[in-house]
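Report on the following structure.
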Amino acid sequence: MSQTNDTPAMLAINNLECSRGDRTLFRQLSYSINAGQCLHIVGANGSGKTTLLRSVAGLVYSPKGKIQWQGENIQSNPSYQSTMIYLGHSEGLKNELTSVENLEFYSCLDGHSDQSHVDGDLAQMGILECADLTANKLSFGQRRRLAFARLLHSKAKLWILDEPFTGIDDAGRALIETICVEHLDAQGMILLTNHRTLSQSRLAPSLAVLDLMDFQSSLDHS
Amino acid sequence: MSQTNDTPAMLAINNLECSRGDRTLFRQLSYSINAGQCLHIVGANGSGKTTLLRSVAGLVYSPKGKIQWQGENIQSNPSYQSTMIYLGHSEGLKNELTSVENLEFYSCLDGHSDQSHVDGDLAQMGILECADLTANKLSFGQRRRLAFARLLHSKAKLWILDEPFTGIDDAGRALIETICVEHLDAQGMILLTNHRTLSQSRLAPSLAVLDLMDFQSSLDHS
Amino acid sequence: MNLINAFFSSIWGFLNRSFHRLGSPREFFKISNYATPIFGLLFTVLTGYGAYLGLFVAPADYQQGDSYRIIFVHVPSAWLSLFIYMVMATASAIGLIWRMKMAFVVAICSAPIGAAFTFLALVTGSLWGAPIWGTWWEWDARLTSELILLFVYWGIMAVYYAFDERQTAERAMALLAIVGVVIVPIIHYSVEWWSSLHQGATVFRDGGPAMPASMLTPLLLMALGFTFFYGYVLFLRARNMVLDQERKSRWVRELVKSSRATGEAQ
Amino acid sequence: MAQNTFYLFARREWQLLFRNTSALVQPLCFFIIIALMFPLSLPAENELLTRIGGGVIWVSAVLATLLGLESMFRSDYHDGALEQWLISPRSLPLAMLGKVFAHWSCTGLLLALFAPLLCMTFRIPPDQIWVLFLGLMLGTPSLSLIGAIGAALTVTLHRGGVLLAIIILPLFIPILIFGAGMVTQQAIGGSTASQLYALAAILVLALTLSPFAIAAALRTTIN
Amino acid sequence: MAQNTFYLFARREWQLLFRNTSALVQPLCFFIIIALMFPLSLPAENELLTRIGGGVIWVSAVLATLLGLESMFRSDYHDGALEQWLISPRSLPLAMLGKVFAHWSCTGLLLALFAPLLCMTFRIPPDQIWVLFLGLMLGTPSLSLIGAIGAALTVTLHRGGVLLAIIILPLFIPILIFGAGMVTQQAIGGSTASQLYALAAILVLALTLSPFAIAAALRTTIN
């Protein structure tokens, strides 16, 4: 893993080990990400990608290893939390609220005092026609798009995206890629998983790949 | 749509129209599928693919149009229900039961009197190591694989699969394609959606594509 | 023999046809154009005459004086609260079995009216009970089961408004209405099954009504009048609902257009 | 295959219930706690408790059943299992009968078996305890069967639990009246036969009709 | 921003509650129905009802609160909203206080306001009604606050509802004893001050501590 040691990395994972039940998923995982980088985590089903992302988001705590943001531990660190967004398989949308209301809530939660951008965001994600439908009526892909609309005006530096392209059609995929590229250009960071290679995508230039396999092989040695 | 009118189609969709709320999703959709065919339904997010599949599965009832299986309406038609399997986004797995128990239940439900094949099925889907984990501990991809294990010994002729490849890694995708091809070779039928084209996949030879766009354009004329 | 057969089959045919005509929202709307004012008129005449007879002509009760006159409101509204429930349950069953849209409309439009009559029966009953029994509320079988009927009505309305897909809402409501029908015999027979404060069957009982004709006539007139009132309000509500449900259909659009045109002409 | 369907669903439900043994005794605990709340919140007089004890136990049984009903179909709805039952060729009413039976065996049956013990702490005389037990054995299956209709109707709704209570409690009330009435009758030395027959009639009705109503309700709400 | 968090979460909860207006009156209906079950299941004597009325209303209030608690965090857990709150920079205790406040305003507050009417049908004398009302106003917020801790602890569990009831009801019992005790005291002409102070003390404690307990419980159970 090529790391330049002179500039302090924004996000540093140090010797992380994650276990679930009796099973150790990966061990001695170290990696750091700098501004403008996109890290693509690959691995077979059940290899621990989601667990890694959730650890970095602070949702799973593992006693072994360290995850640091600008030199500070991420656990209950508000300055980290306010600069990080995690989007996983469950989108955190309330079925009873409309698309607009859902997005407005997250916009408030992310600290925007003004919600006028919400309609524009929905339009940009191509779901303006569903603005007043409650979320349980949305199609699978429309839900995913709604969840991603939150990224459009976020001030977060670090995006953690678990399989962002599931259920999204080709147009949507291009859209999300564009949004990600813009974020990276603005010195943002992305951590994502995807089962297909991204080397053909627009993200390729700033892409780094981390294969969880590499940290499982060490399991056999020990 | 090229249809040979002399052999009666196994599954015939006739002038189907589906609406949700005030919106008509598609109209005058007619299509028939014969043994050994795989129909790939394409369309943008929210165009109504899932609704179409659920209609064919008998979960959504639309008063306009007809869906027939071997000349009989599919509504509460046990002989149809016993030859059809629908796998959607929610897998129907009980979080509190282990993989084996979940699979055994569905095997019983599908009418198998003997459950000895269950372990082999799990092994074939590459999730034997999770056999005794309760389903809530499985990773996203492992859940999907478990749901697909049900297909391995099913006697159903018609498989209705909504985005079967979501969350599944490359090895799993190859596996599922193989299973599908075998099913088609045994004169089975498949109805599926997928956001990526399948023309490169092993399913290509028996593939037909139905674009929902074609049945939306007619909406503007009326 | 043939004649009788022909007679019955023509009656059956007529019923069948009118059933189907009523089943179509458009036909219903046409019929209701005439029926609504007729029902309204009958309601006014019958209730007016009944009230006149009841309040001014019928003699005062030798025990209760004039306070008994509340019977002319209490009994009809109590009867109607049960009658409307039966109508609602029947309509629900028809809707579920024959997938008939209008039946659901009738059922769901009946619910608030039925609830209102139940409420009226409760209020008039307790107003009447205050002087007669010396208490305005008692936890007795008839009174309590009538209160439960009010909750069943509310539950049915709550279920209808809890779903936002109309088809689902209608069918769910209909199912509940059918299940809830057990409450009706319980209310009706409660006075016999449990010893109750409330008096037993007075009008429809073996051996004829235990009531002088001077009281019975206004009572029956009022009951008939209330029934027409129910029909009147039902038609009004159902018309609104049908228009709303069919707002996208051609005949409603034409209706709107033509009424606009006449509005402009005037 | 028909008998199988009943057994298949009952077994699955038992599997789920026995998975965490604490879930198994929960309705029972709940029943006891509710019943015990009354002695705590009433003026302390022995004779009062003996008089109202039967009623309190019946109310607690109804509430305990109600609390268990809420979750009856909810998780099956959320994880898509319900859909699978709907489109399976198995008879849905029979399947639901199996499910309700398993459910009852871990709530109503347990409550009924335990109620006599509770009665003793309220110092209810043995003849009344016997009547109460009989009433609960006849009444609780109807509660589960009727309640399942409500659970099926509200399964797709947010905050369905409270709506469930509102639509179902009025239907429970006749059973409650007959069941508690039996105890009161016994206490004053009257005949309990009419209430007993009424409870039995309700049970027969519920057993034959409610499986179909549950199935119809599920077919209505899932689409 | 701090005040905002409270308001943000309270408003969201209200939005959800007001979405279907029937959900709003449901806890109230439930309260009434429970309270109604008693007169139906007890021997018919006027004086009996007047004596136990206060206790019955308190028990009903506790149960109505309990039923509403079950769904408090459940849907937020299933749709992933809870995760998002946990990793947001907002103060979680404050957010939870907002949520509980909105929840209480549509359950406990409504119940307390409605209880006097119910009391009248039980023929409870006005001075006792007043005491009961005061007790409910002080007691129900504590019920909601303490109950939310239990709801947070059991949110990830299948059939959590019943477990919730079991771990929370014992904690509710002190409140119930003081609240119902106040009414009994008033009935026999005693002083109600000590119970009043106890309820107030519990409320202050619950207000200051339980938001942190709720937040801690959520952090523990979600991972």
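Residue numbering begins at 1 within each chain, and the chains themselves are lettered A, B, C, D and E in the order written.
The rule is short, and it goes like this: contacts are C-beta pairs under 8 Å (C-beta built on N, C-alpha and C of every residue); 3 or more make two chains touch, one makes a residue touch a chain.
Computed from a predicted structure; not experimentally measured.
**Q** Which chains are in contact with both subunit A and subunit D?
**A** B, E
**Q** Determine the set of chains touching subunit A that also touch subunit E.
**A** none
**Q** From the centre of subunit C, which other chain's Cα mean sits the farthest off?
**A** Here the answer is chain A, farthest from subunit C.
**Q** Would you mind pulling out the distance in Å between where the CA atoms of subunit D average out and where those of subunit E do?
**A** Once rounded, the distance between the two centres reads 25 Å.
**Q** Provide the C-alpha centroid distance between subunit B and subunit D, rounded to the nearest whole angstrom.
**A** 38
**Q** Can you work out the whole-Å distance between the CA centroids of subunit B and subunit C?
**A** So the centroids are 48 Å from each other.
**Q** Can you pull out the residues of subunit C that are in contact with at least two other chains?
**A** Correct list: 144, 151, 154, 158, 162, 165.
**Q** Which parts of subunit E, given as residue numbers and ranges, touch two or more other chains?
**A** Within subunit E, the residues that touch at least two other chains are 16, 19-20, 22-23, 26, 29, 33, 36, 40, 75, 78, 158.
**Q** Which residue numbers or ranges of subunit A touch two or more of the other chains?
**A** 89, 95-96
**Q** In the complex, go through subunit C and note every residue touching subunit D.
**A** Touch list, subunit C to subunit D: 96, 141, 144, 148, 151-152, 154-156, 158-159, 162-163, 165, 167-168, 171-172, 175-176, 178-180, 182-183, 186, 193-194.
**Q** Spell out the residues on subunit E that touch subunit C in their complex, using ranges where they run on.
**A** 20-23, 26, 29, 33, 36, 39-40, 44, 49, 121
**Q** Taking the complex as given, what residues does subunit D use to touch subunit B?
**A** Interface residues on the subunit D side: 1, 4, 8, 12, 15-16, 19-20, 75-76, 78-90, 222-223.
**Q** Where on subunit E is subunit D touching in the complex?
**A** 16, 19-20, 22-23, 26-27, 29-30, 33-34, 36-38, 40-43, 48, 51-52, 54-56, 58-59, 62-63, 67-68, 70-71, 75, 78, 157-163, 165-166, 169-170, 173, 176-177, 179-180, 184, 187-188
**Q** Within the complex, which stretch of subunit A touches subunit E?
**A** Result: residues 54, 57-61, 78-79, 81-82, 84, 86, 88-97, 101, 105-106, 108-111 of subunit A touch subunit E.
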